[in-house]
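One structure follows; several queries about it will come next.
As written, the chains take the letters A, B and C, and residue 1 is the first residue of each chain.
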Amino acid sequence: MTAHPSIPDLIARRKPGHNLQADFYTRPDIFEADMAAIFWRHWIYVGVEPDVPEAGDVFVVDIGRASVLIVRDDDEEIRAFHNVCRHRGSRLVNEQKAVVGNIVCRYHAWTYGLDGALLFADHMGEDFDKSCRGLKPVHLRSVAGLLFVCLADDPPTDIDAMAAAMTPYLAPHDLPNTKIAKSVEVIEHGNWKMTMENNRECYHCGGNHPELNVPLFAYGFGFSPKTLDEAEAAQARRYENLVTDAHARWEAAGAPSREINHLSDRVTAFRTERLPIDQAGESQTLDTRVACKKLLGRIKDPAMGGLSFWTQPNSWHHFMSDHIVTFSVIPVAAEATLLRTRWLVHKDAVEGVDYDLDNLTRVWEATNRQDAELVEVAQTGLRSPAYEPGPYSPYTEGMVNDITGWYLDRLAANLDPVDA
Amino acid sequence: MTAHPSIPDLIARRKPGHNLQADFYTRPDIFEADMAAIFWRHWIYVGVEPDVPEAGDVFVVDIGRASVLIVRDDDEEIRAFHNVCRHRGSRLVNEQKAVVGNIVCRYHAWTYGLDGALLFADHMGEDFDKSCRGLKPVHLRSVAGLLFVCLADDPPTDIDAMAAAMTPYLAPHDLPNTKIAKSVEVIEHGNWKMTMENNRECYHCGGNHPELNVPLFAYGFGFSPKTLDEAEAAQARRYENLVTDAHARWEAAGAPSREINHLSDRVTAFRTERLPIDQAGESQTLDTRVACKKLLGRIKDPAMGGLSFWTQPNSWHHFMSDHIVTFSVIPVAAEATLLRTRWLVHKDAVEGVDYDLDNLTRVWEATNRQDAELVEVAQTGLRSPAYEPGPYSPYTEGMVNDITGWYLDRLAANLDPVDA
Amino acid sequence: MTAHPSIPDLIARRKPGHNLQADFYTRPDIFEADMAAIFWRHWIYVGVEPDVPEAGDVFVVDIGRASVLIVRDDDEEIRAFHNVCRHRGSRLVNEQKAVVGNIVCRYHAWTYGLDGALLFADHMGEDFDKSCRGLKPVHLRSVAGLLFVCLADDPPTDIDAMAAAMTPYLAPHDLPNTKIAKSVEVIEHGNWKMTMENNRECYHCGGNHPELNVPLFAYGFGFSPKTLDEAEAAQARRYENLVTDAHARWEAAGAPSREINHLSDRVTAFRTERLPIDQAGESQTLDTRVACKKLLGRIKDPAMGGLSFWTQPNSWHHFMSDHIVTFSVIPVAAEATLLRTRWLVHKDAVEGVDYDLDNLTRVWEATNRQDAELVEVAQTGLRSPAYEPGPYSPYTEGMVNDITGWYLDRLAANLDPVDA
């Protein structure tokens, strides 16, 4: 009964344009494969420069069984290391955030510098060579303030292309000079791909996200043109013109806005586009006005729309004139996923004066809650032996098709010989 | 250390007349095999017609990872479908009971009629054929108001024989015109076979069920004749005559009562017999009197005994003149089992006037609690590497032998090639 | 990704003088192998004679899935049996401690004597032979009051050598005439070997155990001689002389004290030594004075030091003039371990008069809490894919090397053919 098909067989049997088979969302061995082939070999979005604002700040992020220390060194460099003592393997920093001079293992007091070098280890004898026992480094890249790590020895090199393309889009929002107004962690009861797929379409938005539907244009996320009546078709055309006009205006003001889409043709895959906001047109808030009086960077116009940035396999971000919302997805188990959401405002903005925290976070707190329920209901459904993958909408689920396709390609390319 | 024997090897090595080997109660892979070979290929008792009294009523029952919608259609027909959207696999109805016009998936609003047809799916394009995307049907049979489902494509056909035999026994109690006075769910911390075996003998009743021992005759469930003294032997003979007389009286009044036993020689296996009740002789209550003034169907005589009906693999039922108690067993995990108990009374009976709910449910609420403890203690014990299957009593554990034998036969017949 | 190396491969690849590979601490199949090869085939320390002070006293100890009854018979003999009914496998005694006349199974009232014989079983028919259905015995040995059991049919015979060597060391403390002043159970969130390795070095004591550091001499647990300055070297020499003098004094008073070390060259492996206590020199308390006025056995001198006794795979003990602290380690799962600590005082000592319970237990309650945290942090760290076994200190981690070496040897010697 339990003769599970092999991963390569499952990949080969996938029906294009259709949902993935249930095994990909439920099998613990495929979860392990996902960690090893996807999350430990690709660039994973984990946080922002303001997570470690000062020298000596440490931020810990776990990626499955791996634990990574993100440290700001005394020379202001941000570095990453494995959070594992080189003696008997203790976890070095057990809190999510800490401020340290050196990194001292609590167990036997082995002491490492912020550059990872082993500085002190008692009773180890003369043959002991400290220089071989520094902390193991982890590759880290900041893309305009967004921190990506890669646990592989040889990370994908096309992070350079993504950084080059994205920096002009992100730079006007000056993320390095923001602060974290709020950070929230939610465990969703579904596989990480379920969380990501749910992010990659707004087919579900109309019926499920009353708050998000206020700033969002209904026509912005695809529709079947054949089912529109004349009035609706006119509205859709008006929306298209609105986007064209807004792009021209923003680009003239020095803010690149046009779509770049490499969600399916890159290893370090991404997409971006600056999109108008409905109603007052300023920000993803319930009144669609800016939530923070102090605008980001040198932005003067509050109506800069929302610059969206999506990456494979695990992030999305919305940059507005007044704040940034940024989402990091970390698998926890085959059927549990951590979603970490951060709201960033200008580092000099004062809560209660420049912004109200509830107003800043209301739309995405509500949307996250609704999405967590959808992910759980979808995950529960496809455990059934009666489940079979259904077809994607050609008009509204293109980015779902992109991520599932990217995932299967990257999984196939990185399978260990024993699984392949 | 952990080289588990194969399922066919375990079946072959079973010692007749002895308890099953521990693996059958503890191994997750055998739990999976039980679900696929037993629970997804045989007729499973899941509920009663009064679970869906009105058109539009929906009742959800999970059988392992499978989830089944039981729906009363507008034409009063009761139908069953898999509770899985044909688009991206969401669970359609997330509550145990609901009242609906159509079945609408919360995720993307795909909409199904109560006959399972897909009525509406937005943005799917011209090539999309709704007629191929209706809900997957599940076989359903009502036996005098007791609902059985079968998830196999080709369900066992001898459900017809069971229905033909049982309908005359059950019909006088007119189950379709009852209502659910109370429904209780208990998770027992043992394998489902442990729960069933515990139900299939009263060897344990004397020392464990003070409440149930009031209406039950001690001699009704087998004994070793050699150990009786003269006084006890005389009592046993008196009990035998009592049964013979009662059967004659009840059958003359139009209520079939004699034993039918197909617990071990049928795929859709069952046993029935109407048995006298001790003391006042009316009902399974603490004072052995009817708990509900309104008798069922056209029954006039409150002293109709208790018609017991046992099915393989997962149910038992007691039909009395005034109420019905009905038990459905659903495996949850290798070592966890759901027992769902329902008490039914005449649909026109009024709580507080015609019956007192505590009085109605006291005997079986207490007995369920005691049985749950016994199941847990037995399950805990046989995890030990020192456990070896002990012998059944030839006088009191015949029905335990029946269900374990039936189980092994059905498991062997339905094993996937990979396990067999 | 998940192609785990075989156990023999892991054993072969272990780097001497280094920590074990992570698999040994995390893999469920290796946990199962540890139970079968180590805990069910060696002598396991489970409790003390005062756990069953009177005839009819029963003490239940679970060793993984195995459950053992330790019973004091009417003839005062202590015996051990598997806690499993020979009928349908129920757990016989469900509480940790009980007082019984006979052992009666709750399920069907099968009744066993305190010698394990089946005395009564109803309804079993004439062919049933009670003499084949007695409780399965478990080997039990008391070493001066410490109870060891072995679940193997053929237990290691060198328990005799350990008993012969240790009895003179332990006898002065007269454990059989003590009582349990307190017993505490803690679940540590780590593998059992992590718990044991943590016990086998005091390299971590300085920075982690403020309470234990009061009675302990810092130089008693190894150090790197090269890193001492002149003042420290003089202190170390003074400590050495102190030990030599104390041994001579104690042995003259009839208390054997010199080290015996068979931690790595025996199947039933152990080490012992009587060591001086710092400050007032009497007991492992915060003021280093005896916690109980009534000294043990015929001891007159409160300053008898602490006789430590370590056994492989699962215990350590400290015997002082006034009390005994004894520790039993029982694996619960790959990453969970039960530590059971008992404090014993003279059986005639009266709480509140002869001893204050808080004072008696303070040092080890605090130390246990600190060790549980260290074990959890170490276990968490080595789950990382970046973990690799680090080197042991040649001066302070010798006993860690002993237990890991003993473990691998014993595992290799007892692997089932299928794993080997």
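One rule holds for everything that comes next: contacts are C-beta pairs under 8 Å (C-beta built on N, C-alpha and C of every residue); 3 or more make two chains touch, one makes a residue touch a chain.
All values derive from a computational prediction rather than experimental measurement.
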| Residue-number overlap at the subunit A/subunit C interface, same or different (half cut) | different
| message | How big is the rotation, 0 to 180°, that puts the C-alpha atoms of subunit B on those of subunit C, in steps of 5? | response | 120
| query | Taking each chain's centre as the mean position of its Cα atoms, how many Å separate subunit A from subunit C? | reply | 48
| subunit A: which residues touch two or more other chains? | none
| note | Note: in the complex, subunit C contacts subunit B through residues 29, 32-33, 35-37, 40, 65-67, 82-92, 94, 106-109, 122-126, 128, 133, 136, 151, 415-416, 418-419
| Residue ranges of subunit A in contact with subunit B within the complex | 1-3, 19, 22, 197, 203-204, 206-208, 222-224, 226-227, 374, 377-378, 380-391, 393-396
